[in-house]
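Below, subunit A partners subunit B and then partners subunit C, in two separate complexes.
Then we have the complex of A and B:
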């Protein structure tokens, strides 16, 4: 095994720990909706949510980085250049994440000064982490991009997947610089903030997961490189061709000009097309193999990624992407419904599939099958779909009653709190969230016990062989 | 067939991406011009010296902020510079307390608490005239009162910080956001 692969496994393990932590804080955040006044002034809703969504970003980023450290040396059949530096930065990053979470939990927020921005909380959604930590993340991401590029140069060859990957990593890292500024004008602040949020999740991350899934399909079901790479280019053209100007669906109401209605509405309405294409591709590859693969968990999680990406991102996003609907759905639990389903489908499932693939490959492609992964697969996905459904009901209720009829005032907001559909949905979300958390526990159990089970398998086989 | 050739698809991808980036760059330049303070859609910060209301505009078919005559807050007429400093401070208070993780601004943020885009003219506050309204809002921020089941925490906002936030919310409510939120404070709405 290459050193880069060992580092990849460490990244994947750390990302799974953060996944667990973000689930706990998600559950916590959902309690405030059913128990108003819960921990008021001690540990506010905002704090729980900040840890939840910052954890989300770090979980997935570390998962992607781990996946690429895993595949890259195999692609080039050589060690990754600059791996020593990357190993050091891994520990720096882990320590920084721990410190940031501790500061969020114990300090929570600061006074209105630069010190707070640098060391406590920047108060911009998804990128609340203080600036010093954002610097650590930038440096880690920068070194990671350097690892990929330098390895490609040293190997004197560039495969299609790596070409796309490199072209994608540069804007991905540059866009993250958006995590630093403090702009007084809310319109301009949000204008740039969406470059980070939208152009990450609906452009650069989508291409990145495309690369990772391309590798996964080649390793998992032996898909042909020519087909996978041609398809990857088509996907890039479609994702970025619709996603870059699709950015406009966030520019309807933040003070930006009216032309974004037409541009944002039109291009974002086309965004589901490439996601549908990815399903066709995955199902085609799966059908060719009659739904059989040596590594069944990785294979099923890959399919879940394809469907989840299309349903959560494409269909749920499409529902509210036209301005005529978005005027009322905007900023409600409907948005949260889409946010959860899309992040889970497009990225969460993808990282889990690489997790199983990497574990299997690291142990000589041994059998991973068993009951546990099926239970966790079912509980995680049913839990997520349940939460998504509950949030959709709550969101539609809000869109009609708080936004359209109520006019979004404080009173309209207050009247929502008395609406049974809304409150029942908040309970349902919590219950499905618990199911999701159980699914995670089983997933963790499955991953941790794979080595033990494989040893037991090996002993059994050896005794069976000796007996016959 | 050329479609069998990976490079054909690569060329197509590059061309598409470059084209879209160029269009986005051009639109960005125009948009930033329009949304800078004093631009076509975002009033300059000294709008905090004027009355702001939200009215239905028949030609555009949506609610829009309307800027009226002088209406001072905290008994002070702010110069352009003073207003900018105050707004910058207000934004820093908003970021330091992470208001956006509970509330939404222009509909972006947290869904736990009411949208603040037009909070300045919320009917709860708007029953008072401008100067008194600013006072009540500032008091609320330093020591939140509780209207519904879901309370706002006390975020240790000092009096001077609260005044900056009130100025911020007043300026925010004057931005042309294409009719969002619809029917805010309309007769017959809540």
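Then we have the complex of A and C:
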């Protein structure tokens, strides 16, 4: 095994730990909705939410990086250039994440000055990590991009997947720099902040996961490179064509010009089109393999990625993307419902699929099966669908009564919190969240015990062979 | 607003069902699946008509819904054809195991 692959496994393991932490803080955040006095003045909702959503960004990012370090040496049949530096930065990044979480938990907030921005909280949603940690993330992303590009140059070979990946890494690194400027005008600040959040999630990350899934399909079901790369080009063109200007669907209530509503609505409405193609592709692949693969967990998680992306991004997104609806649904639990489902479908399932694939490959492509992965697959997906369903009901209630009828006043917001539909949905979200957490526990158990179970199976087979 | 949103979501959901059933019907060559596939597209068409005639969306957005409904009709067959052509081309490539297998089978039959 290459050093880069060992590093990839470490990244994937770290991302799973952060995924767990993110779930714990998500559960905490959901308790405040049903018990508003929970941990009052000790640990506020806003802090739980910060750790939850920043954890989301970091677990997925580490998962992507881990997946690419896993596949890259196989792609070039050589060690990754600059791997020593990448190994050092992995530990620096892990230590930074631990320190940032500890500061969020124990310090929580500071005075409105430079010190707080550098060492406590930078104050921008999704990228709240203090400035020093944002620098660590930038350096890590920069070194990661260097690893990929330098390896490609050293190998004197550029495959289609790697070319797309390199083209994507440039905006991925550059857009993160958008986390740094200090803009005192709130409208301007939010205008540029969305360039980071939207273009990361609906453009560069989409391409990144496209490349990762292309490699996954090649290794998992033996899909040919020509097929996978052709499909990747089509998909990337369609996703970028619709996703980039879909940016306008965020430009509500922040003072941007009106034409953004039409631009955002139009391009977002086109986003389900490539996703439908992805569904047909998934059916084709599943049918061709008769739903069988040596690595069934990875195969099923890959299928879940295609369907989850379509439902979370396509159906949930289209429901609320046209300006007449977005005007009211913007920033309600409806958005949270779409966000949960789309992140899970588009990225979460993909990272879990690579986790299983990498574990199997690292152990000589041994067959992975058993009951645990099926339970975790079912509980995680049912838990997620339940949470998003509950949030959808709460969000529709909120958009209608608080926004459309109540006129978005403070009074309407407060009276909304007492409405039965809203409250019952919040309880349902908490219960499905618990199911999701149980699913994660089973997933972690399955991943940890795979080596032990394989050893036991090997001993059993050897004993049976000796007996016969 | 809520009804419009649910109908829009329903439109894309039925497009997904149509795509899924289209693929399944091509794989299994089943009449029931084919009927289910076209039924889901009929539901999609009915939803598009309802959105156009019943919702307060402006004309431009209604035109976009109609255009999307038309695009959803052609995406599954187009994608399927593209995938079949790609995979077919690959399987016919010299040295591909499947081509070799077919050649062996032909020789066996001749013998």
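Heads up, the rule we're going with is that the second predicted complex is superposed on the first by the 466 of 468 C-alpha atoms of A that agree within 3 Å, B and C clash if a C-alpha of one lies under 4 Å from a C-alpha of the other, contacts with A are read in each partner's own complex, and residues count from 1 in each chain.
Rule of thumb we're sticking to: contacts are C-beta pairs under 8 Å (C-beta built on N, C-alpha and C of every residue); 3 or more make two chains touch, one makes a residue touch a chain.
Being a predicted model, the structure only gives us computed values, none of them experimental.
Look at subunit A after the overlay: subunit B and subunit C fit there side by side.
Looking at the shared chain after the overlay, A:435 reaches neither subunit B nor subunit C. In the superposition on chain A, A:284 makes contact with subunit C only, not with subunit B. Using the contact criterion defined above for the overlaid structures, shared-chain residue A:400 touches subunit C, although it does not reach subunit B.
In the superposition on chain A, A:322 makes contact with subunit C only, not with subunit B. Legend: residue contacts after superposition of the two complexes on their common chain; A:196 is shown touching neither subunit B nor subunit C. In the overlay built on the shared chain, the residue A:110 is in contact with subunit B alone; subunit C does not reach it.
Of the two partners subunit B and subunit C, it is B that touches the larger number of subunit A residues. Geometry note, superposition on chain A: angle between subunit B and subunit C about the Cα centre of subunit A is 100 degrees, to the nearest 10. After overlaying the two complexes on the shared chain, residue contacts for A:311 are found with subunit C alone; subunit B is out of touch. Look at A:272: by the touch rule set out above, it reaches subunit C but stays clear of subunit B. By the touch criterion defined above, A:154 lies against neither subunit B nor subunit C after alignment on the C-alpha atoms of chain A.
Of all C-alpha pairs spanning subunit B and subunit C in the superposed arrangement, the closest lie 7 Å apart.
Within subunit A, the residues touched by subunit B in the first complex and by subunit C in the second are 226, 230, 234, 328, 404.
Taken in their complex, subunit B has these residues touching subunit A: 4, 6, 9-10, 12-13, 16-17, 20-21, 23-24, 27, 30-32, 34-37, 40-42, 84, 87-102, 104-115, 117-119, 122-124, 147-151, 153-155, 161, 164, 172, 175-186, 189-190. Residues 1-2, 4-6, 8-9, 11-13, 15-16, 19-20, 22-24, 27-28, 56-58, 60-61, 64, 68, 71-72, 75-76, 79-80, 82-83, 86-87, 89-90 of subunit C are the ones that touch subunit A when the two sit in their complex.
Listing the residues of subunit A that touch subunit C in their complex gives 224, 226-227, 230-231, 234, 262, 265-266, 269-270, 272-273, 276-277, 279-281, 283-284, 287-288, 310-311, 314-316, 318-320, 322, 324-325, 328-329, 396, 399-400, 404.
Chain contact summary for the complex, subunit A toward subunit B: residues 32-33, 36-37, 40-41, 44-46, 49-50, 109-113, 116-117, 120-125, 128, 160, 163, 182-191, 193, 226, 229-230, 233-234, 236-237, 240-241, 244-245, 247, 250-261, 263, 327-328, 330-333, 335-336, 398, 403-415, 417.
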